[in-house]
Amino acid sequence: MDAVAPARPPIDSRPTMARRLNDWGLLLGVIGSIVGFLVGWAIGSVAIAYSFGADNSLGSDPGILLGYSLSVVGFLAGMGFLNYPIGRLMGRPKASEEDNAYLHGEGGGISRYFRMTTDHKVIGLQYLVMILAFLFIGGLGAMFIRAELLTPSPTVATPQSYLTLVGLHSTLMIFMASAAIIGPFGNYFVPIMIGSRNMAFPRLEALTFWLLPPAGLILLSTVFLGGFTTGWTGYAPLSDQNVAGMDSYLMAFALIGLSIGLSGLNMIATIITKRAPGMPLTRMPIFVWGVFVTSFLGLLAAPALIGAVLMETIDRSFQTTFYVPAGGGSPFLWENLFWFFGHPEVYIFMIPAFGIVMEMLPVFTRRPLWGYRVSIAGMAGIGLLSFTVWQHHLFVSGLAPSLRPFYMFSTELISVPTGIVYLVALGSMWRARTRFSTPMLYIGAFFFNFLIGGFTGVFLSDVPSDFTLHASYFVQAHFHYTIMGAEVFALMAAIVYFLPKMTGFTMDTKLLKFQFWAVFLTFNGTFISLICVGILGMTRRTISYASYLQPLNVSASVFAFGLGTSMALFLGILIWEAVIKRTRAVDNPWESLGVEWQVPTPVPVFNFDRVPTAWSLPYDYDTGKPATDLGSVTPALSGA
Amino acid sequence: MRNRATAIRVLIGTWIVLAVAGDIGLGLAPMPPGLASNLASDESEVIRVLSMAGWPIFSGVLAGLFFTLIINKFAPSQSEVTAVELRGNSRLQATWIVTTVVLVLILATYGTVELAVEEPGGGITTVSAALPAPTSADQPLEVQVIAQQWWFTFRYPTYGGIETAQLVLPVGQKIEFNVTSLDVVHSFNFYALGVKADAVPLNDNQVTVTPTEIGTYRVQCTELCGLWHGNMAENTAMVVSQADFATWIQQQTALDAPVMKYLPPYSHTYEPDPAVYGH
Amino acid sequence: MRMRLWVLVASLVVAGVLVGFFVTRFLNPVPPTIVATTTSNTVQGRPVVDFTLTTVAAVGAEGEGNNEHPNWVGYLPTTYLSVPAGAVVHMTIDQQDGQTGLRNEYFGLVRGTVNNQMTVNGKVMTALDPTTAAHTFTIPDLGVSVPLEGVADNAPANAQVVVQFDFVVPNTPGLYRWQCFVPCAAGTLYGNGGPMQTLGYMAGELQVG
Amino acid sequence: MSDVASPTGLTDVQDVAGGDHTLIVSSRLMMGANTTLQLTFLFTFFYLRANNFGGMWHPSGVSAPPEVLALVALLVPIVALLALWAVSRAIAQGTTSINGLLWLALAFVVLTGAVRILMMYQFGWDLQNGTYIDISTVWYGVLLAEFIMVGLWVLSLVMGHIRGTSPITAAQARTVAEQWSYITVVSFAVYALTEFVT
């Protein structure tokens, strides 16, 4: 199966002590995290009891926060992330090439998916699993929310747990969305697409993934600390008021911010310095461009979040008053800092989705990507503008009314580079004999949903209409159309499209086509109902609502249950076909010209035995010329 | 080829029909939030204009997208396309970008004009003492909205600064809401009047509006403010005639008599008394 | 294949257990509800029911609701009350907490009770000096709001203020939230945290009918 | 770009080694991210100062930080900075005997951490006494953390070089010097801000 002879002779199989520990890393990590939490919790509580004499110091914020921090450190230490830095600090000799290769997953079987591995392909699959876990746990929350909103007064949940439910759903989904495309597919395919044998910082890449599981668990652990009632925006000073459950939110969000920033750094460094000779920036696949732009957003936006969260934790732990008006602080400070991160964040969701959709489109239209350069300009423009619009979240906050025209204008300006994406899609499909394979269906739905998302955005960017629609279900439906309707549909398309390459198995069955129509119709049914509810004045995050809104809410709920079922069906097909039944996929089922489809399946541990230096764009479907020539290892390209 | 041309004509025809029909519908349909105040009718007008402007573009893009996807099934194009054409067309791209920019400019100018015509809110003013009752309808009647976890109360500085739990407004009278909060961030939303203003502690958020329809309405909190956020809504806000308003004010003054001596002097923001509330 | 199937089934079971735990223990914990003691006498044909609540600075272990926070201020025995529809509720509150002071002085006014008045230690009052308030008993949707005077600092140990008032609940069944409007932990901001935002301490629900 | 010829004339290469280039690029990127963080605190500083609700920006007139110690805490990193640049210069010129310089740099790096910890200890501020104190404390804390992180990097480089396991390369010396200078400059700016813009 493995057509490529590794660049070095294979490593000896005698496991050293280090490798044994590495194999048991996950277990050690769990132990380390528990120990770390207890130690930090004890230290923090004792310190608090000593300095403030708080009688309930066991539930005190410093104790919880220190416990969380040390548990993360303990987890990473157990996973073996500290071996390298400590070794360098003590000036130990660098690890042997064999140990590095082992760490890279060479020779490791299934077990390398459950330990710290520096192989970007393993990390991509780990990301995929984690993303799906976040997606479906958060989706379960959505089901509970819709069940609650069947009636105008509390039934399924108490007001308290309902708000925590909303917070968990939204925050988990934000975690999911901020890595949904760039995590699995960026990590897996960017090095292959640019002809590199690995990432610039493989250990850092592993770290950015292994920060996610602690973040998710810490966030979920809020139910043991009384939950938090602020939703995912965590507005101060309500967050100052909350019980210790708030600390879970802050800690988890800080970890995610760290992960976003570090993966951005890693991606940029990889794309700039690890491209194969013969691949200038202007010959990179469009998806790599999307990841490139996104990484800058992540790198430059995440620090703002980390700073804001840091001040909030200090507010809670030591009663400083950054966000407390009575103490000289200001709630507007949090709103500004948070949305300065928060708006680039939503384009951290979207730009990789644009990229991967434009990457897949030519394969199904059998046409070159129409307007490669202008689409790059479009994504870069979105990235630049996204830093200048954050106050459109604050139109009704009473903050700086004189600035509203500017933010209205900059917000509406973003529709120009976004429109370019549609132009490119139209151009690529024009006069093309499009193949309606399953991924193409999801791509069509992507453009349909995002069009609605964009046009609802116009109403929100215009200040007078925003006064009616702000903080209503209209907003909620708007960003569900962009994030779920566009990004998650792109995610599903990408899973169906890339699964044969990532696992060697296919999930493309007749049932999947049915699943597409089910998810498409129920999704639109749900959120069109919610658009109407919002226009009629239903506000977000309320467990009780005016009774005249009940019929629309019931329809939204019923459609939402259908949506949940069809999403579960997607997961079911994925697990059944790819994990249980293991339906073998043919090589290059979509007859793509991309280099990622020419390397053998499964991809060799170091991708290429020798990196080709002659590259062109992988979209020459008129000439059928592949992106590059891998020589003998290239399997003959069927069709095209 | 001919059959493709027909298809394109059919497409354009359908699109025109769709756009016109849709716009007529949008033009006639009642638009939220209704006409209960000058602000509300202004906002519903904006929503109407935006949707009427947006619908043709929306349906056009959609029709174009799916036309390109479908037509080649039954009417494949025979014309030869050069490799260059396949990879882009700078003139077309430029036209598209210019068009969208122009659309955005029109949109932004329209919104800005709307803002200039009717500034719906925001801004912090200096603290003012109790005001004399307004003598004319266009002289604003100041009403303070005090948000606290988890109820709105209202103060009428022009009537001795009485505080009430129910919001009652005289019809046809220009109202100046001064929205503030005592603890966390709330948002005061009088949907029918098209009023939405965040209530931020130690901040005074002003909205000016003239209610035009007598009726009973709902006010609610639209910014997540904690446990009872979902219940922080009143269905008892009323817009009444001037006469009814006068009698209501008298009743409230009588009801408030016992507590008046305890109420703080009217102010646009209320700082907590550090002597009582240190933290 | 079989092994993989078993793994799948096992993980599904684990997921189900976790979800079940979440739903039963966190999502909707069924709170203990105390029912009003009905009396024989009626007012204008309406049945009169009695309630006796106690407000304490720290619920200790007695908090029937959830005594995870024994040092939190709260109403005892619990804050989930149930009365028959259309009844006249004769409420007696033994107020044992100290004086905190109202954030919004307006809540010093007695509203929505019979004759808009209350009886404090046998003395009829229509308003309370906001600085002496410890808590309020307020049902916003019924317009009922009664300030509860706090025990003076110089008062002898285990002294208490007995507040009594009557209010009428609607004839139609319904669920009404009630709460306290005094930031009765420390400070305007943190005072509205913890107990004020946790059902069973300073927040509760009144089931009518 | 339909037909491409290989620029090198080769048809393929063994590997793409990012190496020094990667290190330098990512160090610059790190500075970019760090700049956003510093701008966040700068924004906070001026926002709270302009906000000054209830005169709670700077109620107690404490001037921070204690002058003498603060000046020392500014000068010590400069010595480390000069030493680091000297190291990078020496390596660039191919000098091999740089252990003395390395020890010097390491000593002053450690001293920097010590002095700044002592300074923050000397503040003796009541955190609940105004937002000026809050933001200053957080900012000095973050700077301290960054000094420590770069300091650990210096330590690892020195250890690797002294023990001969991984001799320090020109790129490493240069990037670490750049990072240290960046933080030093920021610390000057923060000092000026907290000292004169109270």
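Per-chain residue numbering starts at 1, and chain names A, B, C and D are given in the order in which the chains are listed.
Please note the rule applied: a residue touches a chain if its C-beta (ideal position, glycine included) is under 8 Å from a C-beta of that chain, and two chains touch if they have at least 3 such contacts.
As the structure is a computational prediction, the values presented were derived from the model and not from experiment.
Each of A-D and A-B has its own count of C-beta contacts, and the greater count is at A-B.
Between subunit A and subunit B the centroid-to-centroid distance comes to 32 Å (mean Cα coordinates, whole Å). One finds 54 Å separating the Cα centroids of subunit C and subunit D. Computed centre separation for the pair subunit B/subunit C is 36 angstrom, with centres defined by C-alpha atoms.
Residue positions 159-160, 229, 237, 241, 319, 324-327, 332, 623 of subunit A are each in touch with at least two other chains. In subunit C, 177, 187-190, 192, 197-199 are the positions where the chain touches two or more neighbouring chains simultaneously. The set of subunit D residues that touch two or more partner chains comprises 2, 53-54, 128. Touching pairs of chains, sorted by label, consist of A-B, A-C, A-D, B-C, B-D. Taken in their complex, subunit A has these residues touching subunit B: 159-160, 162-163, 229-231, 233, 235, 237-238, 241, 319, 324-327, 331-332, 367-374, 396-401, 404-405, 408-409, 412-413, 415-416, 419-420, 422-423, 425-427, 429-434, 444, 447-448, 451, 455, 458-459, 461-465, 467-468, 470-472, 535-537, 539-546, 622-623. Within the complex formed with subunit C, the subunit A residues making contact are 55-56, 59, 140, 144, 153-154, 156-161, 164-165, 223, 226-227, 229, 237, 240-243, 324, 326, 575, 579-581. Subunit B contributes residues 146, 148-151, 153, 163, 165, 182-184, 226-228, 231, 255-256, 258-259, 262-264, 272-273, 276-279 to its touches with subunit C in the complex. Partner subunit A is touched in their complex by these residues of subunit C: 1, 4-5, 8, 19, 22-23, 26-29, 31, 68-69, 71, 175, 177, 187-190, 192-194, 197-199. Those residues of subunit B lying in contact with subunit D across their complex are 83, 202, 271, 279.
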